[in-house]
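Each structure below appears as C-alpha cells.
You will see subunit A twice below: alongside subunit B first, and alongside subunit C after that.
Our next item is the complex of A and B:
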C-alpha cells in the first residue's frame, strides 16, 4: 500500500515537473487571499468580550436582515431575469430584438444611483410623485414606503436582474429544440414542458446568476445605507464611524466573509455544470412560441421593466443634469477643495483603467496554469484567486488600510491603494474571462510554435496572446465597469483630493443634494455603457 | 516634550529665513500674509461639504498658489483615520463639528500647537489649554418643526418631550455616525446622567424616530412636511427657512431646573507632522480671522466665536438663552459610555 502510493507519486513527479508558470500563478493567488486571511485573523483574535457584546447586541438582527435581503433579491432577480429572457428568446413578442439590448442596460446603473432616484420620486410628501399626487388632489392614493426592507429589495431587484437575464438568455438560446419537441410529443402541455424540460435545462445558468447576485447583495453598501435597511456592510460602516477602535468592524467583517465564502463555494460547485448546454452539430434553435393575443401582455411586461430599470432613471438624470448645469450656484457647488468635475472624471477613468490592466495581467498566469496543467493545485490556485468575489468592498478597504499602513507605508494614502482594492475585488472576473479564452485555444498551436524553436515567452507573445486577446479585453472591460461603479472601498481608501464620480454621486445624494449629484451620476452611467456595449456584443444573445 | 519643542524650532527656522531674506518681517505670522505660501494643503473635515466649501474657496482665492485638497467624512471616521496615520501623517489640518473629538485627539498627540492670530479673542471654553486646537463657530442643538403641521400650543419644550408617544413616527434626526448627535449624547450623560440618557435614547427608538445620514436630509424632510419635528443644529433651521419652507425653531430646556441648550463648537487643528505647516498656519489664521468668521456667520448662520464679528441679522443672540453647563474634559471621558449606549439602544 505504502509502496504503491510512493511509487505513484514519484512517477507523477517525473512526468510533471512543476512548471514555472505555477509560481507566478501561486503568487497571484497568494496576493488575492492575503486581505481575506488578514481580516479573518484580526476578527478571530478579537477581544472575546467584544465578540460577546456584538453577538448580544447586533449579530442576530444583522444576520436575519442580511439573509432576508439576499433571499428576496435572489428570488426576485431570478423570477424577473428568467421571464424577461424567456419572453425575448422564446416567444414572438414584438420588439424583442430591441428589448434584448434595453434589458441588459441597467448594468450600467449602479444600484445606489437607482436608490437615489427611487427616493427622489417616492419620498412621502417630498418626492416628485408624492408632490404630483398632492398637486392633483390625489393624495388619498397610497404610495409605497420607499425605504426599509421592501424599498431596498425592490431597487436591488430592478438593477440586478440583468445578471440572471443574460445567463438564462444564453441558456435559452443554446437549448436544443428537440428536447421541447420530445416533451410535446409525449403529450405534455406547453406549461408542463416549460416546467419539466425547459427550466431544468437552464437551471445551472439561473443558479450561477442567482449566486452571483447573492454575493453582490452581501457586498452592497450604498443602496441599503440610503434606504436605511441595516445589513452587515452598512453596519461595518457605522462601526467605523463610531468609537476609536476598529475591532468591532473587523469582527463583523470576519462574519460577513464567512457567509460570503459559503455562497462562493456553492457558486464554484455550480459553475462547472453551468456550461453543459453546449451546441452540438445536430443543434437547431427551438421554435418560437406564438403568444397570439397574449402578445400585448408580454410586450407590456417588457416595456414596464425597461421603463423602471433604465428609461425613467436615465431620463430623470438627464433632466436634473440640465437643470443643475443651467443653475450657476449648483454648478459652482460641484467644486470640492480646488478640484472640479473634470478631475473626478479623470480619476474615475484612470483608476478603473489601471485596475483593469493589472487584473488582466495577473489573471494570465492563472489561466495558463489551470487550463494547460489541469489538476488539484492549479484548480485551487484558480479558486483562491477568485476569493475576491466574497470580499465586500468595505472589508477590502478595512483590510487594506491596516495592511498597507503597516507593511507598505509609502503607498498609504495614494490612489494606488484604491487601485489595489479594485484589483483584489474584481480579479475574479478577469480570471474567468482569461480562463475561458484559454480553453478555446487548442494546445496544438502552442506545441507547433515550440516545435518551430520558439521559447515559452516567444510562443506566448506571438501565438497565445494574439489569439486570447479578445477574451482578455472582455475581462478588462468587465473589471473596468465594476471598478467605475465601486463605492465603499473608494469611499474609505481615497486620499484627500482623490474624488471619483462614484464618490461624488454618493456624498451628494446622501446629503439629499440630488441636483448636484445628477451630472456626475449621468456621466457615470454613460461611461459605463461603453464597456458594457463592448461586452454585450460578445454575448451570444446579441449575435444574429 | 516633542510637541513643546516644535513651535520653538519652527519659530527659529522662520526667524533664520526672515534674516536671510532681504525684507525683514517683524513677526513670523505676518510673513504668512504675503501670499508666498504654496503647495498642497490637505484638509480632513468632519463637516458637511457645502458648509465648509465656501471658506475653502475664499482661502483659495487669497492664496492661489495653494492647492486645497479636501477629504470629508464623519468626525469619528476621520478621527480614526488620523489615529491610524499617526506614524505616517497625511493631513495638514483637521476640522471637526464638535470640541470633544478635538480634545480626545489632542490627548493622543495627533495635533501640534499653534496660536492663530486672534486666538486670544476666542472664548476660553472653546480653545485648548495647550493651544493644540482652536474653536471656530458655535452651534446649538435645537428642535425645528414644520409650521403647517404643528400648532404653537402643542410644541415640545424639552429634548425629553421628543419621547412623548404623541410624536411617534413624526420625528427625524441624524443617526449615530453623526458627530453632533454623538456629542449631544455624551453631553447629556454629563448633564443628566447615564440612566436618563439611556431612557431618552430608548424613548426615541420606541417613538420610531427616523435617523438619516446627515442633517441636510433632516432639514429638507421637515421642510417638505415629511416629518413634523427635526432634531438638528440651529443653522439647519435657518438654511431651510432660507429655502422658503414654513419652519420654526425651538430652543429646548429653557425652564428653570432644566438642563439648558446643549451647545458645541466647530474646531480646527494642525496635524503633528503636517507636511505643509506654513499653509496650515495660514489656513488657521484665515479661519479665525474676521474674514473667515464672516463666511461662517453669513453663509451658514453659525455663531462666530471671534469677538466683534457681527451675527447674521436673523440669529437670536445667545445672551438671553439658558445654556447647558458642559464640562469638556468630563464629557470626553464619557465617550466610551456614549458608544455603549448607542450600541445598547441599537441606534442606527
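Our next item is the complex of A and C:
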C-alpha cells in the first residue's frame, strides 16, 4: 500500500499515538498491584525452614477451615439469595415491595456486629436467651453452640446473602417473558421451565454474586475472630497483632492471596457475561407465578429472613442504645479519655470519605482508557486495578506496614495509612462503577463536542464529567460504605488514639461490653444506610 | 474547490484490508454529495477521517484551500470548522435544546447567542422546543435539533452520518424532504452518508458509490443509474440482473437471443449484460428459455421472477392485468428501447 519506507514509519507514528490517558491509567494500575506483588515476593523469598514449619503445622488446618467456610457460606447465600429474589420478583407473595428493600438492608450491618448480637443472645453463660431459659426453668432445652464453624457460617450467610439476592433479583427482573412463554409453548411444565430456562438464564448473575461472597469470606476477620473459628485472615491477624511475626504472616498471606486470585480470575471471566438477558425494546416482564394457598409460606420465609438479618439485630441495638444512654455509668464509659462518640463519627466519616474521593479520582483514567481504547493493554490495566478484591484487609495492612516503613516512613503512624488501605482495598468497586458509567455514554457525544470546538480536556469537563457524575457518585458511595465497615486493616494500621466507630464497636464487643458498643454500632448501621439507600435506588429492581 | 481529498487511505490495526482505499475526489461549495454503499464499505470511515475523528494512514485533505491533513499535519477536530450530524444525533442529554444549539457558538456574546439560536430554531422549525431537554423530543424533532446544532457555528462543511436511520420509515420520507430544503436554504456544503440507494438519489446533487473501501464511481444521479461505471454499481444502484453473453460483430449472443448493439469488443469476448425489469419481456412458450418462479404484486404492475435455463435469475415487469402462474415455461427476450450496459467478464 505504501510506496516508501519513510512514509511508512511516519504513518505508523501518526496512526497509533499512545493516548496520554494510558500513562495515567498505567500509573493507577501499578499503584494498585504494588501491595500484592510486594507480599507475594516477600512470601516466596521467605525462609524455607519457616515455610516448612508452617506447611507442617498450620497450613492444612487453615486451608480446610477457610475452604469449608467459603464453601458453606457461598452455598448458603446462593440458596437464600436466589430463593428470596425468586419470591419477590417472580411470585405474587404479599408485601413483596417492602420485602425488596428489607432484604437488601442487611448490607448496612457489618457481619461482626451481627456476630456480636448473635453472641449476646446465645452465649451459654450470660446470653440473653440462655438467661431467659434459666429464668423459666427451661434450661434443659438444648441451645446451639454459638461459636465455631456453624456459628460463623450462620452469621455470615444471613448478613452476606444480599449480594446474591441483588444480582439474581436483577437477573430475574431483566428476564423477558417470551423466554418462559416459548418454553411453555414447546411443551415444558412450569417446573421444567424453571429449571431448564429460568435458572440457566440467571446463572451468570448468581455465579457473579457467589464469587463476590467467596472473596468476601476469604477477607472476613471480625466474625471468625469473635466466634473463634480460625481462618487464614484471623491467623494472619494474630501473627501480626499478637506475635509481630511478619515473616510467618507474609507466608500465610501469600497463600491466601493466591487462593483469592484464583477466585477473582473466575469472577473476571463470568463478569462480562453476567447479563445475557438484556432488556431490549420488546421487553415485557415475565408474568408472576400465582402461589395460591402457598403464599403464606412464601410470606413467612421472607419474614423470617428479614427478622433474622435486619429487624431483630437493629431492634436489639436500639434497645441497648436506649438503655446505655439512660444509664449514666455506661454512658460515661463511652468516653475514651476526652473523646466521645462524636470524635469516632468524625474519624469514620473523614477517613472513609477521603478514601472514597481518592478511589473515584483514580478510577476515572482507568475507566476512560478501557472504554474508549478497548484492547489487551487497557483491559490488563483495568484488571490489575481491580486486584484489590483479592487482598483481604489483613493482607493490605501487612503490605502497607512494610511498604510505608521502607519507602514512606514519614507517613508511618498517621491516619493516612488507614486511608491508603481503604483505597487499595476498595478501588475495584470505584473502577467498576466508573467503567459502567463510561460504557453507558455514547462516544458520539464526545465526538460531537470535539466538532463543536472543544478540545479533549474541555470535552471531559463539559460533557463527559457531568454525564458520568451519577455513576461516579455511586462508586464513591460504595467505597464509603465499605470503608466505614472495614475492620482488620483499620485495627492494624491506625495510629494510637485514632478511633473510628468500627474500631470502638469491635473493642467493646470483644471485651463483652455489649451495652456500651450498641450506640456506636447503631450509628454505624444508620450511617451505612444513607449511602446504601442511594445505591439501592439505582438498582433496577427498585425501579418501577 | 471547497473540499479536496487526495489519495486518502486508512487501515484499522488487525484488519487485512484497508477501510478506506486510496480515495480522491473534490466538492464544489453549496453541493450535497451522497456517499452510498453496503455496510462496511468505508463510507462512514471516510466521513470520520474528514471530520478528524480518525487519523488516516495517508492522504491530503484540504478545506477552503487550507490543508487540514497530510503527512505532517493533523488538525484536531475542534479546529477544522466542520459540523457533523451523528447517526444517534448525540444531543447532550444534560443540556436543553437551546444550550445544545448554543454549545458550538464560542466567542459569541449572550445576545448574539440568543439571536443565532432563535434564527436556527426558526430555520428548522422547532421554535417552541427551546427549553425542552432532548429526552422529551420526538425522533423527528431530535433530528432537526441535531441539524440546527451542527449548522449553528456556520461550518465550512457539514457531515451527516446516516442521520435518518433511527427514524420510522414513514417519518423518514417526510423528514428528509424538510432537511434537504433546510440544507439548500442555508447553502451548506454537505456530505451525506447512507446505505439506502433511494435516499442517496433523493438527497445528493451528486453520488459517490463505495465498495470495499474504494470509491467505485462519483457523478450525477442519472449517470450513476443509467451509465454505471462498474458491475457493482449497476447491481447496487440499479437493481440490475446479469446474463452472460459473447460478443460478435453485430451484437451479443445470449440465452435471451441476440442483443443487437454496436460495440468495440473483439469478437468472441465473454461479457455480462446488465438488464433491468423494464429492459426485457416474456411470453408463455412451452419450448421457451426459462420458467416463472414467483410473482409479486406491486399495484400497477406485476413483478415476475424468472429462472433462465442457465440458472440465471432475471426480473420482468408486466401490467397488473397480466397474471401467470409460477412454474409456467416462458420465452424471455430483449425489449429495451436503449443500449444496455455491458461489462467484460
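Here, the second predicted complex is superposed on the first by the 524 of 544 C-alpha atoms of A that agree within 3 Å, B and C clash if a C-alpha of one lies under 4 Å from a C-alpha of the other, contacts with A are read in each partner's own complex, and residues count from 1 in each chain.
Keep this in mind: contacts are C-beta pairs under 8 Å (C-beta built on N, C-alpha and C of every residue); 3 or more make two chains touch, one makes a residue touch a chain.
The structure displayed is predicted, hence computed values, not measured ones.
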First (subunit B), second (subunit C), both or neither touched by A:135: neither
First (subunit B), second (subunit C), both or neither touched by A:454: second
Greater residue coverage of subunit A in the superposed arrangement, subunit B or subunit C: B
Touched partner set for A:466, first subunit B, second subunit C, both or neither: second
Which superposed partner A:442 touches (first subunit B, second subunit C, both, neither): second
Doubly contacted residues of subunit A, that is, touched by subunit B and again by subunit C: none
Residues of subunit A that touch subunit C when the two form their complex: 1-2, 7, 10-11, 14-17, 442, 444-445, 447-455, 463, 466-467
Residues on subunit C engaged by subunit A in the complex (per definition of touch): 9, 11, 13, 18, 51-53, 55, 57-58, 71, 74, 76-80, 82-84, 86-88, 90, 92-94, 103-104, 106, 149-150, 153
Subunit A residues touching subunit B - in the complex, by the definition given at the top: 53, 57-58, 61, 123-126, 225-226, 228, 230, 237-238, 240-244, 246, 333, 335-339, 401-402, 405, 409, 412-413, 491, 494-497, 507, 510-513
Touch list for subunit B against partner subunit A, complex: 40, 42-44, 48-50, 53, 56-57, 60, 67-77, 79-80, 83-85, 87-88, 90-91, 104, 175-177, 210-214, 216-217, 220-221, 224-226, 335-336, 339, 342-344, 346, 348
